[in-house]
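Below: one structure, written as structure tokens.
Letters are used for the chains, namely A, B, C and D, taken in the order the chains are written, and counting of residues starts over at 1 for each.
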Amino acid sequence: MTTETARIEAFSDGVFTIAITLLVLEIKIPAPGSEPLSVQLWKQWPSYVSFAISFAFIGIMWINHHRLFTYIKQSNNSLLLLNLLLLLGVTSVPFPTAVLAAHLGKTDQRAAAVLYSGTYFFIAIFFNLLWRYAASDKWKLLAAEVDRTAVHHITRQYAFGPLLYLACLGLCWVSVPASIAANAALACFFALPPQRALLRRR
Amino acid sequence: MTTETARIEAFSDGVFTIAITLLVLEIKIPAPGSEPLSVQLWKQWPSYVSFAISFAFIGIMWINHHRLFTYIKQSNNSLLLLNLLLLLGVTSVPFPTAVLAAHLGKTDQRAAAVLYSGTYFFIAIFFNLLWRYAASDKWKLLAAEVDRTAVHHITRQYAFGPLLYLACLGLCWVSVPASIAANAALACFFALPPQRALLRRR
Amino acid sequence: MTTETARIEAFSDGVFTIAITLLVLEIKIPAPGSEPLSVQLWKQWPSYVSFAISFAFIGIMWINHHRLFTYIKQSNNSLLLLNLLLLLGVTSVPFPTAVLAAHLGKTDQRAAAVLYSGTYFFIAIFFNLLWRYAASDKWKLLAAEVDRTAVHHITRQYAFGPLLYLACLGLCWVSVPASIAANAALACFFALPPQRALLRRR
Amino acid sequence: MTTETARIEAFSDGVFTIAITLLVLEIKIPAPGSEPLSVQLWKQWPSYVSFAISFAFIGIMWINHHRLFTYIKQSNNSLLLLNLLLLLGVTSVPFPTAVLAAHLGKTDQRAAAVLYSGTYFFIAIFFNLLWRYAASDKWKLLAAEVDRTAVHHITRQYAFGPLLYLACLGLCWVSVPASIAANAALACFFALPPQRALLRRR
């Protein structure tokens, strides 16, 4: 059954890789026109900001997804479907990214930021569901050598994800720039390595 | 010759992964305009519905394709071409999905739904042809340890696919929403694991 | 050095897979408008024809590329660059495909067909260069067990490729539909398995 | 930990492959219109030039990235992030490529060329940072059998990259065509194999 998780990982890696590379297609190409190109490029700063944050988000999400699958060694149909649900969220990222790029700094930036943070909030929830399902069920899906305290530790660490992204979502109604900045900060936060080694020394 | 199926699987996985990730590109980005963004986003619900169903369809198709290739261990030129025909169907999915997204709830929704269900109907037929070809021919393409009763069982199970998708297609003339809902239900149905273990215990 | 060809194959497979899946993005989505959707979809037949032929072309090219690499076991910098040149041709296929889709059946269909057949002609040339380079040079790049007569046989077989695609190109000035049909026929022709086993029985 | 670099390599390969294949999507499809198709296709030469150079750039960058990872055998969190930064640059290449395609030969070609060469300059810097980080740190990330002189040699060789791309960037203010030509020449230059074998003979 170990090959089963190899399959899931390969498919997930593919989706992460393609989603992260498709982001650039949503950046508009300024046409020769009334304004100088340099001005047009400069005015597109919301595209670069949302591209960079989404790139970081997907990249970091990929690193964390891989971390989980160093512990998960068995798979079943429910894990397959929960993972598909997570990937549904990941593949949709180019859409809120492009919406934010088109509206940041304009009248409707709040709605765009809500969609953006909301997407990340739901992805964080799916990510937690995936891990909690894998970690529960009398440990049958985790590698035999993983210690239970370490698993509780990682569960607690990831449980902050949805809460923090919910805070980002709430921040949209206070200040859209603050919410975007918080999203960028969160991507960096989750890039940090886990504080404790989780696999027992053999 | 076993490496032969590894090659087919890797190529197919690539096509499934890319097709599922490209779906999002067909969702239109609302431009700043006369209507509030939230209203524009809301009005795009057909895009989200068709995106979600197509994501489920391709994801579930991928799971089932992999199931087949746990039994298929040898390959030949005809299997390669039948698989290419199946992949032709899979890569085309973003097109009917985008057509449905553009027309659902509008005057021409029936034609869009017929194209959508029709595509799935043909993919289901190709899927069956692939399996029947692999399972026939004096079993030379299947793994030696697969038992014949189990293979007949899986053949019967997948044979329902084209019939069910044909029913979806027919439903278009009764009610387009019912046909779309049936498509969504079918994606969930085929996500169910097969009822019997098909490989003999060694 | 054998891993070297594994790397080339993986990269090439990736490019083939992505190029074949991107083809669908060039099919236009008919907007709700003056004409019924079914009429609009029907009028887009050149898109479906060029999509299907290009899909077959890339798919068959991928099968043949893999055939070559069952003989090629060593790599060097020149082979890497020749392969990159071949892939440059393959990744460009969605462009002539979309140009043909936009112009087939219209005033400028000849120019579009020339671009289409011309692209295939150049890809066939690069394909031959790759194989001839790999097969020459005192056989150092081929597997040790490949027999020299078999290699000459495969060289002769593939040498027809550029000639046949040149004929397709010439046909554009006689009849564009005939040229397109010949392209479709060629894709099917190259899907045929090689007539003789090329690796010596061990 | 060796699997760790296998993961990085697979993810990076995916990004390189997808980015190189997406380039073609930025080439505009001429619509049937006032001018003959052949004239429209001819006028799009800046698209083909920027497509070809970017294809060469990403292809060669991929070859060099792989070269580095024949020496790098261990990974850590910082290497993962530096590599992600490099990939951020690589995935963004379709954007400056399309901007150059739209503006080369027009009023604003300088700004487009600055963006183009500037992107390559930054990618070259990230590439150097990645290698210097991997090569430093008391060699813990490099394979044990790599000799120190060889590593210094490769460090010196790649250090020319940012300088040469900076020269390309500077050339934009002298002559845009010269800068583009220099970019093309650089892609060819970095395709050359390293002058000395870097792994000790065992």
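The working rule: a residue touches a chain if its C-beta (ideal position, glycine included) is under 8 Å from a C-beta of that chain, and two chains touch if they have at least 3 such contacts.
This is a predicted model, so every value here is computed, not measured.
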{"item": "Superposition of chain C upon chain D: rotation angle, C-alpha, nearest 5 degrees", "value": "90"}
{"item": "Type of chain B:chain C copy interface by residue overlap (half), same or different", "value": "different"}
{"item": "Centre distance in Å when chain A and chain D are each reduced to the mean of their C-alpha atoms", "value": "26"}
{"item": "Intercentroid distance (Cα basis), chain C paired with chain A, Å", "value": "37"}
{"item": "Residue numbers of chain A (touch at least two other chains)", "value": "14, 18, 22, 25"}
{"item": "Chain contact graph, described as a line, ring, star, complete graph or other shape", "value": "ring"}
{"item": "For the chain B and chain C complex, residues of the former touching the latter", "value": "7, 10-11, 14-15, 18-19, 22, 25-26, 77, 80-81, 84, 87-88, 91-95, 98-99, 102-103, 106-108, 111-112, 115"}
{"item": "Interfacial residue positions of chain B with respect to chain A in the complex", "value": "13-14, 16-18, 20-25, 27, 29-32, 36-38, 41, 51-52, 55-56, 59, 62-63, 66, 191-193"}
